[in-house]
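Look for chain A in each of the two complexes below; its partner is chain B in the first and chain C in the second.
Then we have the complex of A and B:
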């Protein structure tokens, strides 16, 4: 069977290639090529929805090689939902960047396309080595994009991200090598079959290596600082992609590998839970103290990833559903907030909250979308963040009421720093001459669309809950093995 | 067994350089050394003492499968070498830009200069 959404990977790679070719002729066509590529791959992702909708996974083999020997491409509700999410955010980023990025556009868009190709690859692969390869593709593109402004802070953040990031992927490769030595296979389903019933310390070693390697990518607490610098220094549309998607992709890979290969041991759940708790609290508390808008949003991203990890780490099926639902919501909200921050930075030329006070003449669309983002992030009813956070509170209440209370407190802190930023930027006393904000169409479209999605999911939460239930089904090891291993 | 110990020693040496050294070039070299250690480890997994090159010349599958070394880790290592090369290229070109902006490659001084 042909899985349509996998064609997003070659589509984005071809887009990167065509962008370079087109830029030799005329630089101003580049954004249109990129947007076309993004639209095509959005189409491919949407085409795959009916294929997996009954809840049945679909797998595809490269070139008729049978399962454990050939390269397996795998899609189920979890990966297709994430593919659609990536497609939407990718399209919005391409549109937003067309007015934000004014110089060296070809390089920027080509790197961005490769970044998305890597993400789609990670989501679709059924093979641990290809997971490593696609993760590296994603990482290398992100190192280049963070360094893109070529100023001091961007270069410093980029080299730091490069060294720590390649340490993470090296650990992942080491874990893969251990797995291959143990089982003689790289196919996830095949490894899962061969690992079951095997109890060797080497299994634990390889799991630890893979978990650490992917944890660096997900940016949970001990590894969050390099992400923060990257998010702050990168061009703002890139920060949106990094905060909304890259951390989630890392978490997705952790969940996929630990549920399918290692059938999610209790220790790993506890690790996720406690590192999640620390990320959730520390991210929110430190976000309160930031005076840089982008850095504040980056801390809020760490805090939200913590929420997801806590929810999954509870180990109940309700917690899993809440975590996956929050993954989708968090990506939309962080995307919206970073795009708003991008518009603010674009007009005010600074992300410093002290200098931003009243620096912009109020633009209703911009302030409304920022407010929607803040309220959704804090989990106020009628916005999508409420639905997923409510499930997380309920799931936490079943296991440990103190955790539920902690999550509510963190949400309150989130509201506090969000509203602080909102009031400073949009209703602060002007320090100097206020800049007139005239949002170009390419900035309006992403803001309106993401805000609309946030409100639609918020008003009709059962759609999202249904999708999250189907997504959680994708982490069932038995049906995965049955689909791939014939 | 010796080759595994050797591979681990190389990995640890690379890791040491990556984490402890201040100079960015040394950090990148450490990264290269660590990845090479992993490559040695991978090759050692697929090695068979006295094995033949995994190219099928005559179609005697039985004899071939008993004598050949495992070719898959070698393919993995080739892929990984290419990836490592591109990371190294990106890292070194960022280092060139850093040297132009900061006038130093010492990571602790860079942190102070960033301001």
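Then we have the complex of A and C:
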């Protein structure tokens, strides 16, 4: 069976190639090519929904080579939901960037297309080596995108991102090499079958290396330092992609590898739980004291990833559903907040909250969108963040009530720093002459669409819960192995 | 669990409606005749104060957090130094590998 959503990978690669060709003729056509590529990819992702909707996974082999010798492409509710999420955020980013990026557009859009190609590759691969290859593709594209402004802070952040990112992918590759040495295979389903009767300490070492490598991509404390400077220095639409998607891609890879290859051992749950608790608290406390809007949002991303890790680390089915639901919600919320921050930075020319006080003549759409993002991030009812956080609180209450209380306190801290940023930017006393904000249509569309999705999922939470339940089904090792026909 | 979640949603919807009503009443009651220019001026200690002088730096709402004993050291290890950042990662690797070897 042909898995349509996998065509997003060649579609984005072709888009990057066409962008470079088109830019040789006329640079102003580049955003249209990029947006067309994103729309085609969204179409491929949506086409795959009926293929996996009954909860049945779909796999295909490249060039008719049977597993485990050929390359396996895999899709289930988990990967297709993430593919749809990536497609939506990618399209919004392409549209938003068309007015945000005014120079060297071809390089920017080509790198962005390669970044998305890498993400789609990660969610579709059924092979641990290709997981590394696609992660490396998205990492290399992100190094270039962070350095894109070509100023001192962007170059410094990019070099730090490169060094720490390379450390992560090196550890991942070492883990994959260990696995290959142990099992003689790179196919995930085949490795799962061969590892099932093995109790060698080398298995633990390989899992530890892979978990660390992917943990760096996910941005969990103590691996969160990868993202902080990168999110702050990158062009804001790129920060939106990194915060909304890259961390989730890392978490997806952790879950896929842990559940399918290693049947999620107790030690991995404990690591996720405790790293998650530290991420949740540390991210929120440090966000509270930031005076840079983008850095504050970067720390809030660390805190939200912590919520997801805690929920999964609880080891219950309710916790897994809550974590996966929050993964989707967090992507939409972080995307919206970073796009709002992008619009603010675009007009005020600064992300410093001390200088932003009253710097903008309030724009209703921008201020409402930011407020919706803040309220959703803090888990206020009627917004999507509430529905997923409610499930996380309930799951934590079943295991340890103190954890549930801690999660509520962290949500309150989230509201405190979110409202601080909102009040400074949109109702602060002006320090000088305020800039008139006239949002172009290309900035309005992503804000309206993401805010609408946040409210729709918030008001109709059973849709999200249903999808999260189906996503959780994708982490069943037995059905995965059966589908790949090992 | 779904019923509890929906009950919370309806409660929030009712609260939002009440807040919206109160806001409309507040906005309606705020409309008053324009003050003469002389009355609109603000004085502090007998001299006229400019809006800039009356400003509270809102970006510094939670600046007391900087004096809080936990966040000081935490901020020092998030100062942007690459060596400190890599130390965080290596510490994480050490914790994971120790846990793996001891609990596997």
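By definition in this document, the second predicted complex is superposed on the first by the 485 of 486 C-alpha atoms of A that agree within 3 Å, B and C clash if a C-alpha of one lies under 4 Å from a C-alpha of the other, contacts with A are read in each partner's own complex, and residues count from 1 in each chain.
Heads up, the rule we're going with is that contacts are C-beta pairs under 8 Å (C-beta built on N, C-alpha and C of every residue); 3 or more make two chains touch, one makes a residue touch a chain.
Here the structure is a predicted model, which is why all the values come from computation and not from measurement.
**Q** Based on the superposition on chain A, does the combination of chain B and chain C result in a clash or a fit?
**A** Fit: chain B and chain C sit side by side once superposed on chain A.
**Q** Between chain B and chain C, what opening angle does the Cα centre of chain A see in the overlaid model, nearest 10 degrees?
**A** So the angle at the centre of chain A is 120 degrees.
**Q** Touch check for A:144: first (chain B), second (chain C), both, or neither?
**A** In the superposed model, A:144 contacts chain B only, not chain C.
**Q** Is A:191 contacted by the first partner chain B, the second partner chain C, both or neither?
**A** Neither chain B nor chain C is touched by A:191.
**Q** By the touch definition at the top of the document, which applies to A:155: first (chain B), second (chain C), both, or neither?
**A** first
**Q** For A:163, select first, second, both or neither according to whether it touches chain B, chain C, the two together, or no partner.
**A** After superposition on chain A, A:163 lies in contact with both partners, chain B and chain C.
**Q** Per the contact definition in the header, classify A:417: touching chain B only (first), chain C only (second), both, or neither.
**A** A:417 contacts chain C only, not chain B.
**Q** Who touches more of chain A, chain B or chain C?
**A** C
**Q** Go through the superposed model and pick first if A:78 touches only chain B, second if only chain C, both, or neither.
**A** neither
**Q** After the superposition, what is the least C-alpha distance between chain B and chain C in whole angstrom?
**A** 6
**Q** Starting from the residues of chain A touching chain B, keep only those that also touch chain C in the other complex, and list them.
**A** Of chain A, residues 163, 167 contact chain B in one complex and chain C in the other.
**Q** Would you mind writing out the residues of chain B in touch with chain A in their complex?
**A** 11, 15, 18, 24, 27-28, 31, 34-35, 38, 41-42, 45, 72-73, 76, 79-80, 83, 86-87, 90-91, 94-95, 97-98, 101-102, 107, 110-111, 113-115
**Q** In their shared complex, at which residues does chain A touch chain C?
**A** So the residues of chain A in touch with chain C come to 160, 163-164, 167-168, 171, 201, 203-205, 207-208, 211-212, 215-216, 221-226, 228-229, 265-267, 270-271, 275, 282, 285-286, 288-289, 291, 318, 352-357, 380-382, 386-387, 390-391, 394, 416-417, 420, 423-424, 428-431, 459, 461-462, 465.
**Q** Can you name the residues of chain C that touch chain A in the complex?
**A** Result: residues 1-2, 4-6, 8-9, 11-13, 16, 51-52, 54-63, 65-66, 70-71, 74-75, 78, 80, 82, 84-86, 88-89, 91-93, 95-97, 99-101, 103-104 of chain C touch chain A.
**Q** Over in the complex, which chain A residues touch chain B? Could you list them?
**A** These residues of chain A touch chain B: 129, 132-133, 136, 139-140, 143-144, 147, 150-153, 155-156, 158-159, 162-163, 166-167, 170, 173-174, 177, 180-181, 186.
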